[in-house]
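Letters are used for the chains, namely A, B, C and D, taken in the order the chains are written, and counting of residues starts over at 1 for each.
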Amino acid sequence: MLTILFDGIAYGMVLFVLGCGLSVTMGLMNFVNLAHGAFAMLGGYVAVLAMQRLGLPFLASLPLAFLAAALVGVVLERLIYRPMYTKSHLDQVMFSIGLVFMAVAGTDWLMGSTQQFIRLPDWLQGRFEVAGIGIGRYRLFVIVVCGLLAVSLQWGFTRTRFGSRLRAAVDDARVARGLGIPVNRLFALTFALGSGLAGLGGALGIELMGLDPTFPLKFMIYFLIVVTVGGTSSITGPFFAAMLLGVADVVGKYLVPQVGAFIIYALMVVLLITRPHGLFARARA
Amino acid sequence: MTMPVLETRVRQALFASRRWHPAEIVFWCLAFAAFLLFPRNLLLLNEIAILALFALSLDLILGYAGIVSLGHAAFLGMGAYAAGLLAKHVTADPFAGLLAGMGAAGLLGLVTSPLVLRGTDLTRLMITLGVALILYELANSFSTLTGGADGLQGIMMAPVLGLFDFDIFGRTAYLYSLSVLFLLFLIARRVVHSPFGLSLRAIRDNPLRAAASGVPNDRRLAAVYTLAAAYAGAAGALLAQTTQFVSLDVLDFHRSADLMLVLIIGGAGYLYGGLIGAIAFKLLQDLIASFTPQYWMFWIGLFLVLFVLGGREMIHGAVKAAAARFARLGKGAAR
Amino acid sequence: MSAVLQTFDLSKSFGGITATDHVDFTLAKGARHALIGPNGAGKTTFVNQLTGVLRPSSGRIELMGEDITRLPREARVKRGLARTFQINQLFGTMTPLEMIALVTSERLGRGSHPFRALDRDLELVGQTAEILTRFRIDDIMDRRIATLPYGKQRQIEIAAAFAARPSVLLLDEPAAGVPEAERRDLMQTVAALPDDVSVLLIEHDMDLVFRFATRITVLVNGRVLAEGTPEEMAHDPAVRAAYLGEGAHA
Amino acid sequence: MTVRRTLLGGMLGLALAASTSGFALAQEAVKIGLILPMTGPFASTGKQIDAAVKLFLAREGATHGGRKLEVILKDDAGNADATRRLAQELVVNDKVSVLAGFGLTPLAMATAQIATQAKVPEIVMAAATASITEASPYIVRTSFTLPQASEPMAHWAAKNGVKKVFTVVTDYGPGIDAETSFANTFKEAGGTVESVRIPLRNPDFAPFLQRVSEAKPDALFVFVPSGVGAQFMKQFIERGLDKAGVKLIGTGDVVDDDILEGMGDVALGAITTHHYSAAHDSPANKAFVEAFQKANPGMRPNFMAVGGYDGMKLIAKALDATKGDASGDKLIAAMKGASWESVRGPVKIDPDTRDIIQNIYVRKTQKLGSELHNVEFETIKDVKDPVKARK
């Protein structure tokens, strides 16, 4: 039972890294970027290519996945995302679905439609037991990496100048601009960071969720659940939402596999009805 | 201005918005003429008519009441399965199936309407999506009833009105679907120009003021959500009857997403948006798919991106100019 | 003079902040009553409770003797309580004609009718036309509201509230943001409201308040500081200290 | 003068066409409507079959029974409504003589009615639910049926000391098919079975594998759509189930040749039963695999490709037999009982069920040189679809 809890946490951690970038960009720019998964996929493919073609070790390919996704994120933000900020939510949804379609078909064309795989280094394979709890090495690795990320993100968000400016801009971009905060640059940076995190999550998630060109479509729903349930104004909200979903999904499927498919959707609907502004949202006028 | 004069002007102004525009008449004439003009493409036309009805349904809630939805496929699927099961187990009459589809989907709409009354756009998108996903899983789980992933097999339809059998060329199918679309369109057209329709627009424009003007927002939204659900159910029923088959795909996410695209392409809030969008979407899909079967998704995506980035104004501008020319022509002919 | 609108011990707090603090208030029939107070005194919060936008934490609201504390917004409108908003709340895509027609159709109970054509409804047409003339917006009735100048929009805001034929009309800063040139028009509109409508005016503009009101309530920190005729209020030392003293009107 | 001659020639031609249909038929190509998922989650199926069909035309020529084969490829993206409409359009507008392809069961089912109505043979090249061929008398299958592949697995397991099996299948038609046929056969052979089903959209297998791990079975029987097989295998190893002595068994879908190489060593040792492996040891297959890889660098032919190749072979054989007459009833009659030496071994179309009779091989995933392959080590000859055989 504890093993399954552990599995769920690892799964939730990956969901968090994948989704938290989306929640920040959504909170900051009020932009519904359904194409977030495409950045995650990009990171995943970069990691796969780095390992297969360049022969890089797994650990070296992770930062590469982050950088590649962040770079593409910043370029796209400059070029095509910026004009979208002022448009309606619906336009943004359409726009980003269009991007997803292009990413899916483009990846299919470039990389083929098959599943991609990576080979983990030996020290990350297999499992060991502690007090009767089976612990997968890779899952432990994921928990440690994502845990550190979450802590440093939370620290960066609450303790640094960048973080306080970011929070100010999320609260009210106009006022922040008036205070001399370079909101546009902040947008670009945040977008890059969010995309990069997605890329990293994509690379980390290959082992747990697989990777093929339909990735952005398949997991769009999961990211969105994390964001809508977690709210868009903090790091802790999406974190707990991702944990909750990860654990509920895994434990639920373990205990009652018959209704496994319904659990997260039902959970999402219930949460949204009872807390329409997210689990940890501050009351807004 | 004296009162009687003003009253007349008020009446005229109110009448103007619901008057039949010549371009509308041309549109429907063309739709029916397509039966003779494109005898090789009746199946595609049938799909367009069904998608148009489905889009009309979304337009009722999105364009007129401002409710966004990423789960409209739930109602399409409900209608399709209800009509399919009725035909398989009870009666093969098409109209009975149509009513069953509308009824079942409408009921689902009524039951789920409280869920979409609250929250922001984003919450609504997610909740509708969640409902559709749950329905999808339910349909998959109850495979003894629905056929699960194999689809609902063995639907045999009786002839429409006892006269017109569903043929392999899609002749009956297209005329049947188009007639249902036209009829439901007429009803929708009346509804949006009624006091009820006006109150929906009021809620969409400004819910705060609508309530302060005496509009019971929640009840009206629930009513139109139910109506739209029934419309989507009708589209589902038509789909089940004309293809004599229902697959889980009717409940899939991409149905809802495509539908949004259709309405965005055509423009929401004037009833014809869904119809025009459906035509454009299907033709585009068909065209691109015949060029590059593998990668049509890419081109659709590119089209969408460009469309939102700035192409829409161009296209809608062109449509408006064309409509204006039609109007002038129409008036010229009338004189 | 009988009361049309009364609150009893009305309170509202957000978290730790008390925005409305045990307010007992009475609006008399046919009154021209002004509610004034410095920024943040809780005027708008008070109005929002009266109209049902906010639910009071405790206390009671009565409209013509009926307890309406828990009624939804639209039900209060049906019972004769209409309002305007501090910031225009209009139907941007509609024409003034459509907006007035909407309010009229709701008042006549037509709103849930899905098939009737608006122009065939002579009662609706007549009453809509009457409002359009009364508020002198008949010349612009065909234009999209969003494209009209601000002063006109302000007029429509009042016209739309009045079209509900209220017995109590709450005007929340009707002159706010209206340029000087269009102000006179607006003043006339307010002054010309029929006598059988009881009016509660929430306003910053002291000119308007003293020209219009026969009775004034001063709200400070969510509490009623004083109430009386304009004359009394102008000379009340507490009011002067707390409010007027701060330098006329901000 | 010239005008008159051409006119005369034309009339003569018409007259000839009317009298001897053979002449006109030779002029006209036989159109084959190939409907495949070329996009969407099942695109890999479409690509394999498409490549195989092209390879067939290149290797064995496009003219059979005196008539040229013309393939019209359509993409249904795995969407049943689209399949049905495309089939209908192909029949009505393009006047195809044969419909082929069908990557998934619902796609094949959706088209059954059209095949019956239009009397056009429907060649199922991939979909594997047993009941498909019963949906229309015009359906012929060149792939396999799931019970056909999974029952031999149950026999093999029972014979080789496996007492307790845990089955894990994806919760949709083919998965349930595989589960029931395996479980029933294995129970009859005296074993015990526990089962769990995985939802279609499921990213993480941890909860299901954990149940397996706690049940401590001798073997785990798995059926998942071929795309997610690798994921499953990895987590199987990660959870240490292999070390706990649980054998991984299943139908060949989970160790699909198309993705086997990418799975890596986690696939090693899996025991599967299937009708085709790219490593099948025969000269014909070697040549086939070589030609396939030459035409499609980086791809390895899998069982989908063989289904597509043999589907074309069947059409060609039928046309040979009818001497170019492509009317549906004649083709179907010619297809019934047809047999040939496929690259997978000898195959025959069962004249009663129109389903394929073929050898099923028991294979073990091993390294051949540097590449992973499913190496066949036992052959069960001439297996009919057991579900229909029992009827």
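The rule we apply is simple: a contact is a pair of C-beta atoms (placed from the backbone, for glycine too) under 8 Å apart; a residue touches a chain by one contact, two chains touch by 3 or more.
Note that the coordinates shown come from a computational prediction; the quantities given were computed from them, not determined experimentally.
Each step here moves to a touching chain, and the least such steps from chain A to chain C number 2.
When chain centres are taken as C-alpha averages, the shortest distance to the whole-protein C-alpha average belongs to B.
Two chain pairs, B-D and A-B, are weighed by contacting C-beta pairs, with A-B ahead. A centroid comparison over C-alpha atoms places C as the chain most distant from chain D. Between the Cα centres of chain A and chain B there is a gap of 34 Å.
Rounded to a whole number, the gap between the C-alpha centres of chain B and chain C is 41 angstrom. If each chain is reduced to the centroid of its CA atoms, chain C and chain D end up 74 Å from each other.
Each of the following residues of chain B touches two or more other chains: 137, 140-141, 294-297. Touching of two or more other chains is recorded for residues 105, 108, 261 of chain A. Residue numbers of chain D whose C-beta contacts span two or more other chains: 39, 43, 171, 199-200. Pairs of chains in mutual contact: A-B, A-D, B-C, B-D.
Listed in rising order, the residues of chain D touching chain B in the complex are 38-39, 43, 73-75, 79-81, 84-85, 88-89, 91-93, 105-106, 109-110, 112-114, 117-118, 129, 131, 135, 171-174, 176, 199-200.
Contact residues on chain A toward chain B in their complex (touch as defined above): 32, 80, 83-84, 87, 89-91, 93-95, 97-106, 108-109, 217, 221, 224-225, 228, 261-262, 265-266, 268-269, 272-273, 276-277. Taken together, the chain B residues at the contact with chain A in this complex read 62, 68, 70, 115, 118-123, 125-127, 129-131, 133-134, 137-138, 140-141, 253-254, 257, 260-261, 264, 294-298, 300-305, 307-310.
Across the complex, chain D is touched by residues 3-4, 7-8, 11, 105, 108, 112-117, 119, 125-127, 134, 136, 138-139, 207-210, 212-214, 218-219, 222, 249-254, 257-258, 260-261 of chain A. Looking at the complex, you find that chain D touches chain A at residues 39-41, 43-44, 47, 171, 196-204, 206-208, 210-211, 213, 227-228, 230-231, 234, 237-240, 243, 258-259, 262-264, 298.
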